[in-house]
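In the part that follows, the structures are each spelled out as structure tokens.
After this come two complexes, each holding subunit A, first together with subunit B and then together with subunit C.
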Partner chain A sequence: MKSALFLLPFALVPFFANDFWLVQIFGRALILGIIALSLTFLAAYLGVVSFAQATMAGVAGYTVAYFGPNTVDVGREMPFFVVLPLAMIMATLSGAIIGLIARRSQGIYAIMITLAIGVAFFYFTRQNYNYFNGWTGFSGIRAPEIAGTSLREPLPFYLLIILVSALCLLFVNGFIKSPLGLTIQAVRDAPKRVLAIGIPTTPVIVSAYAFAGFIAGSGGILNVWYQERISSFSVGLGPIVDILVIAVIGGLKNPIGAFIGALAFVLLDTFAVDFIDRERFNTLIGLVLLAIIMGAPDGLHGLAKSWLSRFKKRPSENQV
Partner chain B sequence: MFTNLKTITMTSALALGAFAAPASAEDIKIGVISILEGAFAALGQDGIRGVELAVAEAGGEVAGNEIEVIVMSSDASPDSAVNAARKLIEQDGVDIIVGPLSGSEGLALRDLSKSFPAVTFLNGSSAAQDTTLRDASDNFFRFGGDGAQWMVGVGSFAHDDLGYEKVAVVAEDYSFPYTQVLGFMTEFCAAGGTVPEKFWTPIGAKDYSSIVYSIPSDVDAVFVALGGADAVNFLTQYNQAGGDKPIIGGSITIDQSILDSEGPFKQQLIGAPAGTPTVSDYDGAEWKEFTASYTGQFPDGFSAPSIFAHHYYMSAHAAILALEEVNGDLSGDQAAFRAALTDLEFVTPTGGTMRLDENRNGIVDNFVTEVFEREDGTLGNRVVKVVRDVDQSLGQDPAAFLAQGPVSRDNPSCP
Partner chain C sequence: MPINHDHKTANALEIQGVGRRFGGFWAVKDVSLSVRPGERRAVLGPNGAGKTTLFNVLTGDLAASAGTIRMDGADVTQTPMHKRIKGGLRRTYQHAHLFDGLTVRETLFLAVSSVAGGWQRFMPLKPSDGAIGKAESLAQMSGLCSDLGREVANLSHGQRRQLEIGMALAENPKMLLLDEPAAGLSPSERPRLAELLLSLPKDITIVLIEHDMDIALRTSDSVSVLHNGRLLAEGSPENIMSNEAVHDVYMGGAHGH
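Here is the complex of A and B:
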């Protein structure tokens, strides 16, 4: 329950921000945060760094695009209350399949295999025209209208994003305390012992990936509504690395790190070009990310935690 | 728990501190979107120079209103172009957007422009056909041509002057090469030529051997619509495999960097025709003047304006001319300004008269060039034909042209 309170400052944003800040900065940060949360979850509780989270989000996004309203002549339109569960199921399934493929891999090998899956999916979407419309992808994707109001209107959209973010955080925190969640952490710490007491590890690992797919999928749906389009670019190496960067700079140890990292990333990504010679703004982004990683090995979340505990030793505050 | 809450509050507060102060109401803000990262960075930078040149030529102001240029970068993906445009509109409050650079980005901004009727979009150098031809947007203007217009003259030149009857096509698999192939085939097929086989390759492909050996042996030439490294890779592999058919180039296939690169395939390129709206060393008086202005303004730029500087310049120049006509008046959702843009006529750097058709797409000049060997043994492109007043229907009846359907891998076809 508590963890969702982390998002409280985000809920105050609509009172003083214009549409640009509301959707383009805070909304986008939360969406990327949800997708990065799925990576943080795998890294923190299964001990695996996955590069396939943008792919799982992309599966949900492409499902929404194919079965929803779009302006390219591909797909068939279905009502959104059918499409949304379908997209979540597809994303969860894609997570499970990726988990099944990567179940025996650890460390650098898990990174390689999930990266390979992500890149394969990228080329698949780029070259398949019947279902993914190739290079061009889908455009004109619209969020559903409820009671005459489009969910893509800035305020309703932002509130929806906040709600989904809070739910995802709650899910993650509830899930890790469940018997399955505890088993996942046991597999992370001592897979051989888990096997020795008679629990097969494969279903545990696969369900962890499937859960990550579920979280990434909810971010993927919001992302496709935010962008109003999806193409192979949306699942390419760029987004794959962005998600990793967000998770790492936020901190891989705590789910909330994903959202902190996402906000820092979006601010940098949007405004770096205003601060520095425009030929070099990517250098600035790179240097800041480098500084964060060097100065805060546990990410911004870990850094803030250690600062605050150093300066404010009063026990009452640390207990809240 | 509490500590983390604080962190976020602090982060949010910091972020909010960055809210931009509104600029003075007199300024006219022009947002520019170009690709300033990745493989296109140097070319995208030249697009920005085009806008800066147009603004500098106007003295940085229109009817006493200062012009402020705000630059955003995209990375060739439609998503990034849309994000850049949203930032320019919602955060920086620009009145006019000039950009983007590449085809799919243009389609995305065309769609976006419908959501922002108070902002006028002027296309940069993106050249997808449907940006203006189908589903056009009232506030999206293109003072330039599309990829098909850029090939006008080549098809008939290949058939009538070079005597090619059968041509195979090798092109990248996305919207811009589709449009280029359409521009070539429309003329070539109408003149009586046939295209028995088209090969579509993923962008960035390294290995072309399967295509090289599949090219029918009875074709007279190969039309290659690949860009940059793809073109070098294909031409090298084709040459090494003993391929000896003459080459016909797309608008970005045979640029100076390919002619300056090393390799035996270069000999095969001598005499190869290509279509392009921009020839760096064209000797028209207006182009010489434009080049002098460009090199004077940007001593660090290229030795002559690229296709990107040329097209961004034309859009920014058009915006400034229209602004001058209405004395910088952008009130009433820019109605007067847009009317001025719609009726605008001006002399382009290539010596033609730029004006718009009813879809707000430019009626442009196009060049047919051919590769020739200079006395010192280096290769260059020279103009063999200038085609004036090329419209988007390529001279056909607009309704009949539209009825042929959207361009794709299989459309047009004349096997």
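Here is the complex of A and C:
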């Protein structure tokens, strides 16, 4: 509950920000934050760094593009109340399948296998024209109008984004306290011991990835409405690395880190051009990443936490 | 899995010719023994004798390289570990092997709901959950009731051992395999452990690996001695104490390996 309060400042943004700040900065940051949240969830609670989160988000995005209004000759339009659940199911399913493939891998091997899956999906979308329209992908994707309110309007769209962000944070924080969520953390700490208390680990790992797919899918739907297009480049190495960079900058220990990292990333991405060449952005983000990894391994969230605790008196130790 | 129920030999545990090989080295070789239901059996032997490896094979942590294992008459040699646990088998580990990021309450809750069912639920846990109540009484039994909310990573060594035992006692075990539960306990903590072992329901079959002779002999009806992976001797505690071969192994060439 408390952690969703962290999004309160984001909720105040509409009172003073113009449409540019509302959607391009804060809206985009929250969307990327949701997708990065799915990575942070797996890292913090399953102990696995997954490079396939942009892929899971992309599966939801492509589902919305294929079954929604678009300006290419691929797909079949269906009402949004069918498309949205379908997109969520597809993303969750993609998470489960990736989890099934990666279930025995940890550390560097999990990174390699999820990266391989992400890259394979990227090439698949480039080469397949029937469902993905090749490398051109889909354009002209439009967010629906619900109850007379167009989600293409900045304010309603932003309010939807912040609602979904808050729900995702609440889902994650509720889920990790559920029996299955506790089991996922037990698998992170001592997988063999989980077997030794009588729980097979494969369904546990698969459901953690599936849950991550669900979260990534919610971000993926918002992202495709925000971009109004999707193509193989949306699931390529660029977005894959962006999501990882966001999660690492924010901090992999706490779900909130994903949103902090995303805001920092979007601010840099948007305003660094004012100071440096566009082509130098990758160098800049690389240096920021390096500084974080060297100076604050728990990311901006960890940094903020340690600063805050320095201001407070001794934190009470008898919390049980 | 095939369940061959054989009523004549419904021992709690019945193993025949069991072996485990690491590369070319047999850590456990041709061990046969049987344990009656409710029996308290101590397994002794110098370091490296193969005691822990034998436990690993019994639970399914490791596959047996040879032999058959029967529990309550059913052949479980090929049965995966989590199914053996469902059947009533529990173990503790010599080197405590715990969920460091969870609290004591959450750990014991999982130990309960893994056997009783319910670990798959994904809605937030309610404090009124039945398994939470059971977890708290397990904490009571293992002397951890004032540490329920503590993170396992912050427990002392002795408390980690207590938690190991608490987890193993979840949901009416039929057979407990305890791997050096007293290891690393202070002399003042040892008698409490012996009390706890003696207070367990008499119908639980217990196989205990223990270096502390006092605890081992006080709590057991019979003793098996392993040496270099083989069964060296078997008998009552008195018999074993006066067995010359056992004395040789413990006093004499015990450092052979």
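We take it that the second predicted complex is superposed on the first by the 305 of 320 C-alpha atoms of A that agree within 3 Å, B and C clash if a C-alpha of one lies under 4 Å from a C-alpha of the other, contacts with A are read in each partner's own complex, and residues count from 1 in each chain.
Everything below uses one rule, namely that contacts are C-beta pairs under 8 Å (C-beta built on N, C-alpha and C of every residue); 3 or more make two chains touch, one makes a residue touch a chain.
All values reported here derive from a predicted model rather than from experimental measurement.
Set side by side, subunit B and subunit C differ in how many residues of subunit A they touch, and the one touching more is B.
By the touch criterion stated above, A:Ile293 is placed in contact with neither subunit B nor subunit C. After overlaying the two complexes on the shared chain, residue contacts for A:Thr136 are found with subunit B alone; subunit C is out of touch.
Touch criterion not met for A:Ala120: it reaches neither subunit B nor subunit C. In the overlay built on the shared chain, the residue A:Ile146 is in contact with neither subunit B nor subunit C. Judged by the touch definition given at the top, the superposed model places A:His301 against subunit B, while subunit C stays out of reach. Contact with neither subunit B nor subunit C is seen for A:Met78 once the two complexes are overlaid on the shared chain. Contacts of A:Ala186 after superposition: subunit C is touched, whereas subunit B is not reached. Residues 320 of subunit A lie at the contact with subunit B in one complex and at the contact with subunit C in the other. Residues of subunit A touching subunit C in their complex: 174-175, 177-183, 185-186, 188-190, 192-200, 203, 207, 211, 319-320.
By the touch rule above, subunit C contacts subunit A in their complex via residues 59, 61, 80-82, 85-86, 91, 93, 97-102, 106-107, 109-111, 113-115, 118-125, 148-150, 167, 170. Across the interface of their complex, subunit A is touched by residues 1-12, 15-16, 18-19, 36-37, 41, 45, 48, 71-73, 75-80, 82-83, 86-87, 90-91, 104, 107-108, 111, 135, 173-175, 202-203, 409 of subunit B.
Residues 2, 5-10, 12-13, 16-21, 24-25, 71, 123, 126-127, 129, 134-137, 139-140, 227-229, 231, 233-234, 236, 238, 254, 256, 259-260, 263-264, 267, 270-271, 273, 278-279, 281-282, 300-301, 304-305, 308-309, 312, 317-318, 320 of subunit A are the ones touching subunit B in the complex.
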